[in-house]
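The same chain A turns up in both complexes below, where it pairs with chain B and then with chain C.
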Partner chain A sequence: MMLVSVLELILGIFIVVLAFLAINVKSLIKTVMFLSAMSMLSVLAFVMMHAPDVAVTEAVIGSGLVTSLFVFTLLSVRKVERKQ
Partner chain B sequence: MLQYVAIILIMLGLYGLLTQRNVIKIIISLNVLEIGLNIFIISVGYVTDGVAPIFTSTYPTNAVAFVDPLPQALVLTAIVIGVGTTALGLALAKNIYNQYGTFDLDEIKGEE
Partner chain C sequence: MKQFLSFIVVAALGVLIVLSLQGNALFVEYGDIRVADRISQQFIDRDVNGANSGVEFGESVDLESGPANIVTSIVADYRSFDTLGEITVLFISSLGVALLLATSKAKRMELDFHPNFMLKVGSRALFGIILMTGVFIIVHGHLTPGGGFPGGTMIASSILLLYLADDEFRTKVKSFKVLESIAGSLYVIIGLVGLFVFDYFLINFLDNGILGELVSSGIIPIVYVLIGLKVGSEISGIIDHFLTEEAM
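Up next is the complex of A and B:
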């Protein structure tokens, strides 16, 4: 019981620090990577609150699909910039 | 414990939504707010010492204390809708970049 509480505290501090970095870092690709890491830690938070189906969906969609969408958008935009 | 983290995440998302000038940063802030809201809704249905709401051979009856499955179903829908919102925002951002050549909202206003 005490161990779970300490783990929740550490997890919460990591999530908040990663969210702050994701909002305030200048580089766009680093921002996307911090958001992906925060999403993976939120999967651990869902598992701790006994919601395994939400955890699986968040791991696949939130951390995989959203990150790939951001990365593909940034890559296509850079290609347009280089062409002109 | 984790619901305080969720409230801090919602406040961070609102702060980023109001202060950032980059379109990609605004969509990232929207995602942070969405994750915080999902964690908060899940933590509403959490029962102390409850088990996951799945019938297994270890818990074959519903006499044990299950975690509330209704917020989990709602959050499962909200995650998918959030992906749709993010994809729409990124398509709009790509159109903005193709037309104005920048992601910054302040530079768009001066250029025209």
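Up next is the complex of A and C:
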């Protein structure tokens, strides 16, 4: 029980650190990567809180789909900037 | 000055909201609500403390709610009407993306990287694995964690893999639109069958069967498969629109 509590604490700290990095880094692509990593850690947090249904959904949607859509948007915006 | 006026306006609105909720017939004091006015009597009549004594996985028959996964029991049985609203929200999101990004030219957006032969071949094998995992998650949604929404999104992820691994690949967008429409319509039709032939909208009118069996839980696995197909085709459409948008 003690070990799980320590892991949960470390996990929570990591999630907050990643969120902080996501909003403070200058490069947008790095922001997207930090958000994706935060989603992945929140999946671990959901598993530790015994919520596997939410963990599965967060893993597929948060870490996979939303990240890819953000990357596509960044690539598209970059193309527009290059044209101008 | 502007901030001060904004604060005054917000405070006034807050006071108006609080006053309008006092003594409002729609928002009775907690505990005094006549539940039958807003919830189907069928659900009120359910007895969660009496009739069903022990629950044995693989043995119990015809329980109040069929899914072995209790989350699915809530999402697709007790709150099935809410889940219908949920896929409507996803449909509206997909519609918004289509309105903003769809174009008649529909050409693949040129990315900076170009996948090589190994990636193209490997992605086909991986596509099959991801697709089958998504199908598994959907079909077993009433038994194990997962269900229509994550399973459908995983199917869309397999489509996404094909898009990333082949810069000329495009899905049959019209086929996905038809699949999406049919799945959503069937969900509503199942609800209407429950309403007219039986007593309530989206009532579980099929036999619950044995807890834990693949064929069990009545209409719930059918509804979850429909949700999975709809979510998968809708998100695949969103991905296609993101990768074929007209770049000015």
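The working rule: the second predicted complex is superposed on the first by the 84 of 84 C-alpha atoms of A that agree within 3 Å, B and C clash if a C-alpha of one lies under 4 Å from a C-alpha of the other, contacts with A are read in each partner's own complex, and residues count from 1 in each chain.
Here is the rule we use: contacts are C-beta pairs under 8 Å (C-beta built on N, C-alpha and C of every residue); 3 or more make two chains touch, one makes a residue touch a chain.
No experiment lies behind these values; they were computed from the predicted model shown.
Touch criterion met: A:Ser68 reaches chain C, while chain B stays clear of it. When both complexes are overlaid on chain A, the residue A:Ser76 reaches chain B and chain C alike. When both complexes are overlaid on chain A, the residue A:Leu9 reaches chain B alone and has no touch with chain C.
Look at A:Ile23: by the touch rule set out above, it reaches chain B but stays clear of chain C.
In the superposed model, A:Thr57 lies in contact with both chain B and chain C. Contact with chain B, but none with chain C, is seen for A:Val32 once the two complexes are overlaid on the shared chain. Among chain B and chain C, the chain that touches a larger number of residues in chain A is B. Under the contact criterion defined above, the residues of chain A that touch both chain B in one complex and chain C in the other are 52-53, 57, 61, 65, 69, 73, 76, 80.
Contact residues of chain A toward chain B in the complex are 5, 8-9, 11-12, 15-16, 19-20, 22-23, 28, 31-32, 35, 38-39, 42, 45-46, 48-54, 57-58, 61-62, 65-66, 69-70, 73-74, 76-77, 80-81, 84. Contact residues of chain A toward chain C in the complex are 52-53, 55-57, 59-61, 64-65, 68-69, 72-73, 75-76, 79-80, 83.
Remark: chain B residues 1-2, 4-5, 8-9, 12-13, 15-16, 20, 22, 24-25, 28-29, 31-32, 35-36, 38-39, 42-43, 46, 50-54, 67, 72, 75-76, 79-80, 82-83, 86-87, 90, 93-94, 97-98, 101, 103 touch chain A in the complex.
Within the complex, the chain C residues that touch chain A are 69, 71-72, 109-112, 137, 145-147, 149-150, 153-154, 156-157, 160, 164, 235, 238-239, 242-243, 245, 247-248.
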